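Can you read through this structure? Questions will come right after.
By letter and in written order, the chains are A, B, C and D; residue numbering begins at 1 in each of them.
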Amino acid sequence: MMQKLKNTYLGLIVLFLYAPIGVLIAQSFNASRYRGQWTGFTWDWYVSLLGNEDIIEAFGNTLTIGLTSAALATVLALVTAIGLRRLGHRSRLLLRGMANVPLLNADIVTGISLMLLFLGLGLRLGYDTILMAHIVISLPYAMLCILPQVLALDNVCYEAALDLGATPFQAFRKVILPELVPGIMAAYLLSFAMSADDFIVTYFTKGAGIETLTTEIYAELKLGVHPEMYALSTLFFVAVIVFVALLLVNYRVISRYRQAGRRQRA
Amino acid sequence: MMQKLKNTYLGLIVLFLYAPIGVLIAQSFNASRYRGQWTGFTWDWYVSLLGNEDIIEAFGNTLTIGLTSAALATVLALVTAIGLRRLGHRSRLLLRGMANVPLLNADIVTGISLMLLFLGLGLRLGYDTILMAHIVISLPYAMLCILPQVLALDNVCYEAALDLGATPFQAFRKVILPELVPGIMAAYLLSFAMSADDFIVTYFTKGAGIETLTTEIYAELKLGVHPEMYALSTLFFVAVIVFVALLLVNYRVISRYRQAGRRQRA
Amino acid sequence: MDKELLKLEHINKSYDGKQVLEDLDLTIHENEFMTLLGPSGCGKTTTLRLIGGFELPDSGRILFDGQDITRLRPEKRPVNTVFQKYSLFSHMDAADNIAFGLKLKGKSKSYIRDKIKYALKLVNLDGYEHASVTQMSGGQQQRIAIARAIVNEPKVLLLDEPLSALDLKLRQSMQRELVKIKKELGITFVFVTHDQQEALSMSDTVVVMNQGWIQQIGTPESVYNEPENAFVADFIGDSNIIDGMMVRDKLVHLLGQDIPCINTGFGENVPVDVQIRPEDIQICEPANGQFRGVIRQVVFKGTVYDITIEAGGFRWLVQTITGHEQGREVGLRLAASNIQIMAKPASEDEEAATDE
Amino acid sequence: MDKELLKLEHINKSYDGKQVLEDLDLTIHENEFMTLLGPSGCGKTTTLRLIGGFELPDSGRILFDGQDITRLRPEKRPVNTVFQKYSLFSHMDAADNIAFGLKLKGKSKSYIRDKIKYALKLVNLDGYEHASVTQMSGGQQQRIAIARAIVNEPKVLLLDEPLSALDLKLRQSMQRELVKIKKELGITFVFVTHDQQEALSMSDTVVVMNQGWIQQIGTPESVYNEPENAFVADFIGDSNIIDGMMVRDKLVHLLGQDIPCINTGFGENVPVDVQIRPEDIQICEPANGQFRGVIRQVVFKGTVYDITIEAGGFRWLVQTITGHEQGREVGLRLAASNIQIMAKPASEDEEAATDE
């Protein structure tokens, strides 16, 4: 009885979290353009998506901006984390705190700030400014993934490598870097997700004539009801699921390392 | 030399993260309406903010929606976490994973989905739908704060309370709940931040005639250059700083508990 | 021994189909310091949790002072528990932790204050009323846990490896303190440990357990000197355990020699396990020994030397106060009273514990 | 002893203004098993790290085979280190860990393969080439770490508390194995530990350190039986350490009695520390003893009884094989050869370690 009640509750929570997306998916297969009337199943909206050149172009932009900004943010985060490692405890805490503030700041504030900065620097808003903006918003997340691992790194492995005849550079490349792979992967994946998901920062820094998927969806929906956009959003959601699967695999790797560490300690 | 290079690098990173907000703050004190020309310092834009009734109303909405949705999301997360605790390892992992998916989903997709759901249910978009939407987006974050603490709870404290004569309910109220306070606080603060910062979900679920701070900023900026909005964004940023300070204090409490635990183990 | 206080009868308990306790019978007397000793997984902690009420047996009864308490909830039992670790309430200070049980029982403020004072004095933490328990050392935390349990005036105090998280020096001093506290309170202690030294030095009665069975119950001396089977002999202290054959009463055939001993009643020509403690073997001239062998290894251990001697096809462990030269030929002599004869195990559960 | 291999001369080292090593001199010979023994913070690990090249001394020299290596980088030194823990490369399997140093040196594939096979055999992990090191037990990991170090054929192997993370039984068996490996390789071992048992049972030479000073260097027996000061006596084994006065050669005044001893050369009427090991005290009839006292406590420890006797105003710790009755009056006898006389410490660094 108690057990049944609990399962019902947990089921309701899951429903609560997933009902919206369920409605969206349903709508994307609805033959009717209009909500509330189900006139049959159709792939039409997906098909017409593929024929829409604006969307294909926006997809390209999302992909290239995401991949590039994630790579740059990850490298910056890695170098910064290693720099922070050597700092004293107090200044490290301060810098960590400072890196976390932008995480909490409202995206709209970040977007407006970046727009003002770019315009103040005399830059023309476009692809490049989106890219820079995305690095700025991804960097704190990348730090969040990489920093704990870098700080937890034990000097012992580095010293063991020196002891066995490695130069400091060899020790870094052959011992330290491989130990950090899970954190680097997580940082890259999360940075990419931040870039691809972002709407408002992109909106303020993109200028005219260039769209990413999120701004394209927004623009089309403002013009009227577009079931193609429901289809696109559904695809977006599916991409997220795939993405989470990737993260989970990566998380497994991390936790295997962690467990091994714990066993060593025990 | 090496040291100087490193400090320069770290300084650049901080500049990189904070330059945008610096420009925003400067602009909010610029007597000129227009970017690029500094005609003197002024408090005017802040003063005119206070006289703007729309903004005062939007602030009220942000505050009440934030406080209410955070409270509800935290309670739901706490009950769910306790429910998950008793589950088997596999189903727990599954449900945790499912709770994390919405974290990664693009806000615009969540916003569209919620709008479709609410309209599908025949609800009128307004204050209530924003509230519900914010609970949905905050819940995964609240879970993220509470669940690890609930899972790490040692049965020993509960059993010790029973052993000393407490009924199961007394043991929960007097022993378990106080141990969870730091996690509950973190969940509440983070949920509030998510609600207050959100733009796109609110935009899709708010309907006409009601604005929160973020949608109000967006709406006014679309109409033209409004330095009042720079002032408002600056205030928003200051609020974030205060908020981070609160979180840090709470984090200190958590880490003091953790350290105590670690000492016990050592 | 005083009168019977707690009685476990025919207890069976299994988890996930694995039998943890099998038809366990155990009687605990008033004012006894009883230790349950065994390797991990032997069922000692489960036994304690059954007494505390945190587990229910699959079958069997638990009697307290003649009354059946098998299904009584933990909060109603006249026993209190000191847990292994983590058990203090970290959001309360020391005094609030200690007062927890008394407040639930609705005692008066002055009563509670006096009790706290008394308990802190007893555990040597005078004046620590308002110390934060998270700031305390492991040893201090365990003392507070003991104080918190005893203010409720339990008839039986259950201690579940309370010292296992402490380091060696602290553990030894806490052992002495626990014995002192036990004497002052005059109540029954049931103590669980896997550390044979701890069990021997603290208890009135040692219960040696393995794989859900009680292997032997006795005083520390009797368990050490007269182990009833090879498991007990091997688990407690170092031992030489050798296959032998009881020729007749007071004569055992061992590695090709007939050796006099003092045991009787095993019958004639019965296979037995023979145990000889390493400190009970005398090294002498080869001609004078019952066995003749060669010293293979000498290791200085501080108080004693551990000497490995190969004799009669067996590697003997011998402990002596004086050193001996490696490689030398020597004789070994065994006094009849130092040879312990044990029946061969009836089941595999009683077999000697193997090194992991 | 073989020829001198490694020499530390006048080494000083401090961290954050705290002096860790003070004018340290130490000579290590070829093929020696030397153990640095002391409580935490005594400077033993720092000494090892100086030899390994992970720290530079503030002043002083380190000579290897006559050559100054004080400022040589760790990767260039003819020594290898086995670290306390965590030191295996978790993204490589066992064979790749072992091959790490050899690959850097550009050895041939077949050479490396043979070396791995040999090293795994030596550490008793035949066939574990492709095992994931993260899946291994603590003991196996330390064996791989040893294998990884020795394939580089160091002249000196440094071991920094390599067994401290293992449990008691495993630690003891690894101690035996390490001694075996040392014998087979025939190289110098410098071993750091805080465990006196470990130091005594493994080493040729024990270096007892405290607060950055070397307290005594000697064989295990000499360090145990003839400690040079109260710190060494107290740190190694149980001891009775009593203030005394050397009346003249071979006579010491102790707790009101003049007691014969065998030490000479302290001068007349000089205050000294007197050490008597608990196993060296004989209990006899009150009339026959040099001291007369009362048995306060008897604790059975397995092999021996720990007996506390109050006599002459001092609480003596005595260890005996047979039990004694608490409360009985007894006499204590000390053989002259079992009394160890030690000069009073010149500085506070040499004072007896206090219980924490």
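Going forward, a contact is a pair of C-beta atoms (placed from the backbone, for glycine too) under 8 Å apart; a residue touches a chain by one contact, two chains touch by 3 or more.
Since this is a predicted model, take the numbers as computed values, not measurements.
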Can you list every chain in contact with both chain A and chain B? none
Quick check: how many Å separate the C-alpha centres of chain C and chain D? 30
Using mean CA coordinates as chain centres, what's the gap between chain B and chain D in Å? 56
If every chain is a node and every touching pair an edge, decide which shape results: line, ring, star, complete or other. ring
What chain pairs are in touch here? A-B, A-D, B-C, C-D
Would you tell me which residues of chain B are touching chain A in their complex? 6, 9-10, 13-14, 16-21, 23-24, 27, 35-36, 76, 79-80, 83-84, 86-87, 95, 97-102, 104-110, 112-114, 116-117, 119-120, 136, 139-140, 193, 196-200, 214, 217-218, 221, 229-230, 233, 236-237, 240-241, 243-244, 247-248
Chain C touches which residues of chain D in the complex? 169-170, 173, 196-197, 200-201, 220-221, 224, 236-238, 277, 279, 299-304, 306, 319, 321, 323, 355-356
Okay, in this complex, where on chain C does chain B touch? 52-54, 73-75, 80-81, 83-91, 100-101, 104-105, 133-135, 137-138, 141, 145, 148-149, 152, 165
Inside the complex, what are the residues of chain B that reach chain C? 154, 156-157, 159-167, 170, 174-175, 178-179, 181, 256-257, 259-261, 263-266
